[in-house]
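Below you'll find the structures, each written out as structure tokens.
The following pair of complexes shares a single chain, subunit A, combined with subunit B in the former and subunit C in the latter.
The block that comes next holds the complex of A and B.
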């Protein structure tokens, strides 16, 4: 019986754990279970839980990456330095702008793609495959490729010139550099979220659409009253995953602009790598990581709050 | 309800009274289908052309790449086509070494990842023990922590860790193979995926096997794992992709050229005189293995991405 109470006190898996009943010889069962869990537990503790703790701990020290001297406690020094650092505010601003623009852009376009390929039609699989190709191409390759496409006389500007548009120096101009990186990132990841939207779309029962047809609903009404409500869980998931991965922006920026011009594309992770790796100031980098962590946590909590709110309304 | 009924009646009236209206509706339906098709094709170009450009340019000399930019020739294998860029890549970087490193790191992580995470999930989903729910809760809670927040503290931590290797005891993991592998074997999301799958397999199977005298490990190895093909494929693909594409971590944790994976190798081409043809050749070569696997196992790839969306 004790298994049941323990399972009930934990929220997520309670429903599934409750069904289980203790088996015969449960002491040796527990031993086997713990043994099988052991490798994963040791690794997760060493490489996930301890580093999470270290992010908090090291942020208050002057730890250096490679140093003969042990780290010393320095109080909130790293944070006072951080809040006086203009690059930090620029990085924070860029990271937030990146997320705020790319989340609606990418999720809406990906939903559009999913709707376009969610039809029974010959050859539709070909389109799905092509839209998905950038996803299996690594961000490193995509960044290198677009670095070339974005050159002042590169492919994109030459194509624009055909329509009589004088394209900007995409990555060299502080006004367009972040936008250029946003567009490229959306291009790369859109296929990924298309697939997730698609799996959401396919969970909506077909008879709902048949019923809507009988009621004489037009395409927009079917989308508004059948598709959209049916995608609620998918929506939450996509919103959270795009936001968190947007905050982690690093590869594109490191390859394409190194944060420039004039810090216009600097991000929190890029700044953490600069200070913690190139300048070896682990303590300061941990303070930046902590700021990043707080941002992620805040977004997750806000998201939870809003999705819960809707549950009550419904 | 009455509104619906009214609109139904209206539709009926319209159908009987004015058949030509109905036909125009048909025509607009066909126009819309045509528009959708046009959109699909344009999007195909948007997503496909840059990659085609990369492939085609990898066979062209630098000067010609620039010359072709203004026309459709940018996407066609025309002019002076050769594999000079490819041999150039091999002359410039130890490509075979980079490739081997990436393959070893990825394969070892995928294999051990499947083993370690499935065992943990088996213990949680099928054997169960006091506190299993709490352990699963902690694992799920860590899912929101992106690796990037931990990267810098983990870098420092890796430098403090001892390691018992074939050459005896050593201090610090930086600049080794294991620093690129071991931290990524256990994965909360993989455990979750296995847990979900194992949990959906009828528990009666365990009981029956027990009657036949099988122990838990036997049940794991001979019953549950063979039944879990889709979950194994999903975890394999979701481990393989990020491992192959890893950039941030090896950039910091590995300094020796002979230990570097392919993604970090691209930095060599940005230094000194940039040859775009060679960059495109290198990019094509490091993308090809993933692309080939994707085309071969397309359904599994799509399914695994789709099933990663079921959490939430």
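The block that comes next holds the complex of A and C.
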């Protein structure tokens, strides 16, 4: 519907504008703006808005991936079933634990790395590259590698054995599986956030540090009163991007544990994919996606509230 | 005024956009209409992209067929196995299925019910000579046939059994459950092997229902009540099923089976890490290479209701939306010859689906070293439940078996699987 309106309003004045060439004013610039908007709008509507709309609709039906039977409206059946499903609660719990742990862990480690590679010395580019390498490596490859590292007799446990520690079966034990996934995910993604922290660090003017030096500030004080406030905008950005990517946790889990053992690493996205594709329950999977959508929406609103609040205070 | 011209332009734009599409459609329609007048190209999809031996064998059949007549030309498109089912489902949703395709046996009822597959007509005589487990049937119609089957075996070495004084079982006198447990415990007590038995828990996907549901069936349970295919109540969570689950978990807690096998269990067996290996007959080649005549391929133990093994492997069928059913059927008839059954089974090291083919494959002739595999397949094979709800049952069973192995409460885990399976059968109107 809205595509057609956009196309109409965009194409008609564009044609008229071509005839009477030097047309100035807002009309022409609006047209150009709309034209520019068109490709993105078409893509967004086709691949984002329509699927989201469909999810809302399908969540209340018993639609199937493979079926000669037409989908029937079943009201809130999918949701009653969902809230009665232990795997759903386990997945919700894991998703939240993952996000709550990984946001501070990953951003702190990334900041630490950024501070380390922000010094002016020879070879610093080498370290920047090394820390960034996991980011450009495909998550599938990284997951396969860590799958071997985490084996009961893998590299990690061999290293622990050197210190006389009997390492656990990282991915096979319900108590350690989620932790193992968290550590590995943080390792993989922290390079990306290191670069963002780094760009934030380099926007802080050097004379602030010089002034702090004159005032006799020590390293910690410089970090606390110059660096940290200077990174406010970067912080908000990092908080939001890590939170969103944390909720979408899927690839690592799908490759390394498939949600097991005993649902200890199952996540909402994994559950939705499993139900929708392997179990062919499109309607039920839509209900899971809808629940996921509400969760992400709520968290984003909370995020926004906090960041806006600080804007007002300062 | 502006409005009409706008509408016109939009209409023209839409037309312009639609034109290439219709032309493409015409192109397609053109080829299929020439099919109807006799002849044309038949597309074939297979999951064999990563399996050189099998793809080679299939390609040879297709080349023979294309050379044998000039009316039709079969064109192969190979997919990697992991994404194959999804590709088929996506193609079916957009009515773009190829004429000929291969299907994993237990999925046949699901795809037949969904209207993807067309029944194979006029092949009954030929197919009556095939092993029943390689035929995909649904609603009294045959939708697919396969060239081979696979048997599940306990692979071990004669020297190992002799060393611990363990009886060598036969197809007529398999190990009983107590005998089997005692044998494993004896091997465990010796401390000679890291794992007395490896059941290849590191395999994923269809392996779990394929390999472990026969154990459940040997205990007397099943995945679903096969009388009506309506409910799993009482069969998947009855006392026998709970007994199976408890025993299954005890294998791990008693240290007889590793909770998670290595990436290649056959290699672990060959390297002497495990004393016994539960696996498909595809391991026969490598293990024989390592141990020669010492290698034993034993029937799985009788856990109460006789030994059971999974039946049904990859099979071939034709799609409902194929524009030239006659051509596709013609190929299917040509490809069902014994010599092709023999060549595919030989190249893939699997059990030939017909006796005539078995006579042509080295090892499967009467008295051959692989003949026992054929005996096992004939004697012990159980098809996975023939219901369109199978793909769901399979994922549910996989998750439940994994949870049980990891220590979930057997009764609770099985009850929840039954609840989910029953809900799924019901929400589909029992697939009537």
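Assume the second predicted complex is superposed on the first by the 275 of 314 C-alpha atoms of A that agree within 3 Å, B and C clash if a C-alpha of one lies under 4 Å from a C-alpha of the other, contacts with A are read in each partner's own complex, and residues count from 1 in each chain.
Keep in mind that, in the parts below, a residue touches a chain if its C-beta (ideal position, glycine included) is under 8 Å from a C-beta of that chain, and two chains touch if they have at least 3 such contacts.
These figures come from a predicted structure and were not determined experimentally.
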| item | value |
| --- | --- |
| Touched partner set for A:277, first subunit B, second subunit C, both or neither | both |
| Partner chain(s) touched by A:237 [first = subunit B, second = subunit C, both, neither] | first |
| First (subunit B), second (subunit C), both or neither touched by A:149 | first |
| Partner chain in contact with A:262 - subunit B first, subunit C second, else both or neither | second |
| Partner, of subunit C and subunit B, that touches more residues belonging to subunit A | B |
| First (subunit B), second (subunit C), both or neither touched by A:54 | first |
| Touched partner set for A:66, first subunit B, second subunit C, both or neither | both |
| Set intersection of subunit A contacts, subunit C complex versus subunit B complex | 7-8, 11-12, 65-66, 277 |
| Of subunit B, residues touching subunit A in the complex | 4, 7-8, 11, 32, 36, 39-40, 43-44, 46-48, 50-51, 53-54, 66, 69-70, 74, 116-117, 119-120, 122-125, 127-137, 139-140, 142, 144-157, 159, 161, 182-186, 188, 191, 195, 199, 203, 206, 210, 215-217, 220, 241, 244-245, 247-248, 251-252, 263, 266, 269-270, 276, 279-280, 283, 286-287, 290-291, 294, 298, 301-302, 305-312 |
| Contact footprint of subunit B on subunit A as seen in their complex | 2-3, 6-14, 16-17, 19-20, 22-24, 29-30, 32-34, 36-37, 39-41, 43-44, 46-52, 54-55, 58, 63, 65-66, 113, 116-117, 119, 127-141, 144-146, 148-149, 153-155, 158, 161, 187, 190-192, 195-196, 198-200, 214-216, 219, 233-234, 236-238, 240, 244-245, 247-248, 250-251, 254-255, 269, 272-273, 276-277, 282, 285-286, 288-290, 292-293, 296-297, 300 |
| Complex interface listing, subunit A residues touching subunit C | 4, 7-8, 11-12, 15, 62, 64-69, 81, 86, 152, 169, 172, 174, 258-263, 274, 277-281 |
| Residue ranges of subunit C touching subunit A (in the complex, touch as defined) | 2, 5-7, 9-10, 13, 86, 89, 92, 110-111, 113-116, 204, 259-260, 391-392, 395-396, 399, 402-403, 406-408, 416, 423-424, 427-429 |
